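The structure that follows is given in the form of structure tokens.
Lettered A, B, C and D in written order, each chain numbered from 1.
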Amino acid sequence: MNLDAQTWIAAFLTLCVFSFLYRDNPFYRFAEHLFVGASAGYLLAVNYQNVLRPNLIRPLAQGHMIALVPLFLGVILLGRMWSRTSGIARWSLAFYVGIYSGIAIPSYFQGQVFAQLADAVKPFAPGWGAVNSALVLIGFLTVLSYFYFSLPHRGVHGMSARVGIWFLMVAFGASFGYTVMARVSLLISRVQFLLRDWLHLIPGA
Amino acid sequence: MNILRLDRRVIFVLIALATALPLLFPVNLPISVSPRVKAAYDTVDRLPAGSYVLVSLDYEPDIMAELQPMSIAVLRHCFRKGLKPVVLTLYPAAPGLIERALDVASKAEGKKRNEDFVFLGYKSGNQSVILGLGESIRTMFPTDFWGTPLEQIPMMRGHNSYADFPLVINLTGSSIADYYIRIAATRYRRPLVLGATAVMTSDYYPYLSSGQVQGLIGGMKGAAEYERQMGLFGDARRGMDAQSLVHVVIVLLVIVGNVALFLSGGMRGGASGGTGGGTGGGIRRP
Amino acid sequence: MNPQLDTRLFEPARLNLLIGLALFVLFLVVNIARARGGAAMFIRPMAGLKAVEEAIGRATEMGRPVLYVPGLGDMSEGGTLASITILSRVARRTAEMGCDLEVPGYDPVATTMMEGAARQAYVEAGRGDSFRAGSVHYVSAQQFAYVAAVTGYMLRERPAANIFMGSFYAESLFLAETGNLTGAIQIAGTDQVTQLPFFVCACDYALLGEELYAASAYLGREPIQLATIAAQDWAKGLAAGIVIVASILTALGHPEVGRLLQTR
Amino acid sequence: MRNGPYVVTFLTGALIVSFFFIPHHRAQEAQSVILDWSNVVYAFALILGSVTLWAGHQRKVATRAPGWAYSVVTLASLAFVTIWGVAQGVEEGTAVNAFYNSVNSPLASTMFALLAFFIASAAFRAFRARNTEATLLLVTAIVMMIGRVSVGEFIWPGFPKLTEWLLDVPNLAAKRAVAMGVGLGAVSTALRIILGIDRTYLGRS
């Protein structure tokens, strides 16, 4: 496609999306519907090229009969389209959910539970850094106590949970403020696209 | 007057102006260079001319705002120092962006394709490609992006795995960075310079102190610092004026909102909004 | 790639993980036994959950739909698994109240499961025939195409309640701000810590992190489900204990404990 | 047969968990075969989902429901991208790739960029000092926003250091505790499914 035409299409769609900020309107609605169709189609095509062809069609064409297993699991899933055959799809869903629960268990245990524990027991930093290390430890324990569900938030536990909430709020504020720059970067890039690539109002990079 | 219920479209207009005006009329506010970016710059700067650098640029258009200026700055730095970058990507939608970055950087520094740099293009498989680069680049990328067999590119002669590259650079907005740390930096013990989106950056501080990562460039701000260190005035530094202004506008809006709340007597809890978190468990809007 | 094929039947570097996991399963079994034995399981109330009921009630009164957004996680993400269970409770409630439910799906497999779970909830509520075909439907597995469709729905259909439960990413603020504009009651819960600030700021109620998982067990109010929350609490108690003891030992010059927790 | 699928979930789940601890090459190969199969199931679920997406929009067009013209846009883009993508592939240089670059990319980046506006409107509305928690959130967010940009350094040179401290101490402590709780919650949820305690996912609670 002509690069200039591409720029004009992209600029038009960019403005369609920005118009959402004013309110819902036919341009946004057009962009939205185009986007949904195009992305669903793109995913279908990508999955056909990168999954079905190498893992199903090619092995079957080469006579690897083991590929009948995933074919069977896939086809019975399509049974969901009609209510009479819908029950049979449960078998492939059961297979799928088993796999991904099985992946989740050790990976969450390693990546979130043990990794955090191992970090939490690292030696305190020397000098004034020890104050920070102690604060991290206190924050960790109090926030953990906020997530302790078997006790009502009363007494010592209630106080600890309240301090935990303060730590959470400070963390949320920091995280919020920190993210602003990333989001503004994205906006700057779109405005640069409009002002430079499309309207040529600012000099090139 | 009810500032507390200001139409959000007024806020949107303010943000749009705060973004567009500094891009049209840059004032070039000074910025200071953080030690992490300085370390990244120095790592590249210290390499002798003629050294090969493996550059993996792994991001798609939706986050190019943060990483494209970074790519251009880092590539220009490599070219200026006479280094020879071998560039690749693990994202299917990235090659177009990288082609543009290479074009801008090589033209600015007067460098030529296949003599001063090679672009290998895209290869699917994330982690397995990063592993494969430790064995043989030619197996992973038989041809370059434009279809020339690597055998026919003189610059690639004798360079086929991590061992032949005294530096690996990875600029990414995803967990690809973890794989490079685990494989290139840890298993193959290559010096690694990392560039990441701002949101990701703080997650990688620990690798700096452990020495697995030599330098870390975070988001548009990091890219602007890199440009400043090189004496360039690129997209990132242009963007930083807009960043400053948008941040100030938001802070002022918040202050105005709170002053209005104070004047309306809402500070004592009279206004809607409830008691905030901490009582029942869930959190009401503070 | 590796010339020497690995023939080991156990990875010794993961022994600590195996022990930890075994211990956790033990906590689970013990607590389930306690629950079966009739021990009272106290779980502190969560304001966000009570709000779900109220929100569905309000939507019914107004004759407007409830929008349930199950997050953008895939099936390997705990948040998605929890969201399926929560949806089933929400669907049961909307079935009982006779309120319309709309569930746009991101992951196609999760969407298929949610469709089944919601349909079943309607059947169990004795309202199987009032389940609207297509109320749980796949939209797009591309983040912002999905967001475009869901925000479009919010603006045009004006659901009275938006319930966001699952794993959310950058779209959290987009969805919550649009929902705020349409004046819906908004209740969110996510395990993605980076998105919590946005839900806390833009929604009426937010379930934080682990509360999402607790909610999936809590909503059923079955003792066995509650027992799993108690097992999580025991594990957290143990974790806190380990951190305190290890910190003291490290301060006394014995940093070895920390190494026992390193995994590969 | 009624319980058959739950047995499948348990067996596949237990198998995948055990593979995590077994480095034997045959186990790892078996795991990658099973994962390939699950990708095929995913692709079929995508087909199923896309068929329902198609049917939904087709119904709107057929019944001339309000806004049916937009559904034509979705149907057309879905059909175009799917057919070309399956026939020709989606790599650099194909029609679908060009379409993706001039339609999907600008739409996605602009949608993403709208977050810059929403982060401002959310900040204005939510950051009100109504109580201790809200004040903590508000103050840290403001410090963070000012400390991140060059203006902050002019106001007070200590700002960048303070923002780093916020990220490294209270933010780290809270994040660590949340991550650990989430890890345990996810493991327990996945265990409930594999062990058959929670059965909602197959449509029976």
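Simple rule for what comes next: a residue touches a chain if its C-beta (ideal position, glycine included) is under 8 Å from a C-beta of that chain, and two chains touch if they have at least 3 such contacts.
Only a predicted model underlies this, so the values are computations on that prediction, with no experimental measurement involved.
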| item | value |
| --- | --- |
| Top-ranked pair of chains - ranking by C-beta pairs in contact | A-D |
| Centroid comparison with chain B (C-alpha atoms), farthest chain | C |
| Length of the line joining the C-alpha centres of chain A and chain C, rounded to whole Å | 14 |
| Centroid distance [mean C-alpha coordinates] between chain D and chain B, Å | 21 |
| Rounded Å distance between chain C and chain D, as computed from the means of their C-alpha atoms | 13 |
| Whole-Å gap separating chain A and chain D, where each centre is the average of the chain's CA atoms | 3 |
| Multi-partner residues of chain A (each touching 2 or more other chains) | 20-21, 29, 31-32, 35-36, 38-40, 42-43, 77, 80, 90, 93, 96-97, 100-101, 103-109, 113, 117, 120, 137, 140-141, 144, 147, 153, 165, 168-169, 172-173, 175-176, 178-181, 184, 186-187, 189-190 |
| Multi-chain contact sites of chain B, meaning residues that touch two or more partners | 8, 12, 15-16, 19, 62-65, 199, 202, 221, 243, 246-247, 250, 277-279, 281, 283, 285-286 |
| Multi-partner residues of chain D (at least 2 other chains) | 20-21, 41-42, 45-46, 48-50, 52-53, 67, 90, 100-101, 104-109, 111-117, 119, 121, 123, 125-127, 132-134, 137-138, 141-142, 145, 148-149, 167-168, 175, 178-182, 184, 186-187, 190-191, 193, 201-203 |
| Complex contacts: residues of chain B adjacent to chain A | 9, 12, 15-16, 19-20, 23-24, 62-66, 68-69, 72, 104, 124, 197-199, 202, 219-221, 234-235, 238-239, 242-243, 246-247, 250, 277-279, 281, 286 |
| Chain C-touching residues of chain D, taken from the complex the two chains share | 20-25, 28, 41-42, 45-46, 48-50, 52-53, 56, 67, 104, 107-108, 111-112, 114-115, 118-119, 121-123, 125-127, 137, 175, 178-182, 184-193, 197-198, 200-205 |
| Interface residues, chain C side, partner chain A - complex | 14, 16-17, 20-21, 24, 41-44, 74-78, 81, 109, 112-113, 115-116, 139-142, 144-145, 148-149, 151-152, 155-156, 193-194, 196-198, 200-201, 208-211, 214, 229-230, 232-233, 235-237, 239-240, 242-244, 246-247, 250-251, 255, 257-258, 261-263 |
| Sites on chain D touched by chain B in the complex | 90-92, 100-101, 105-106, 108-109, 112-113, 116-117, 119-121, 123-134, 137-138, 141-142, 145-146, 148-151, 153, 160, 167-168 |
| Chain C to chain B touching residues, read off their complex | 1, 44-51, 144, 181, 194, 200-208, 211 |
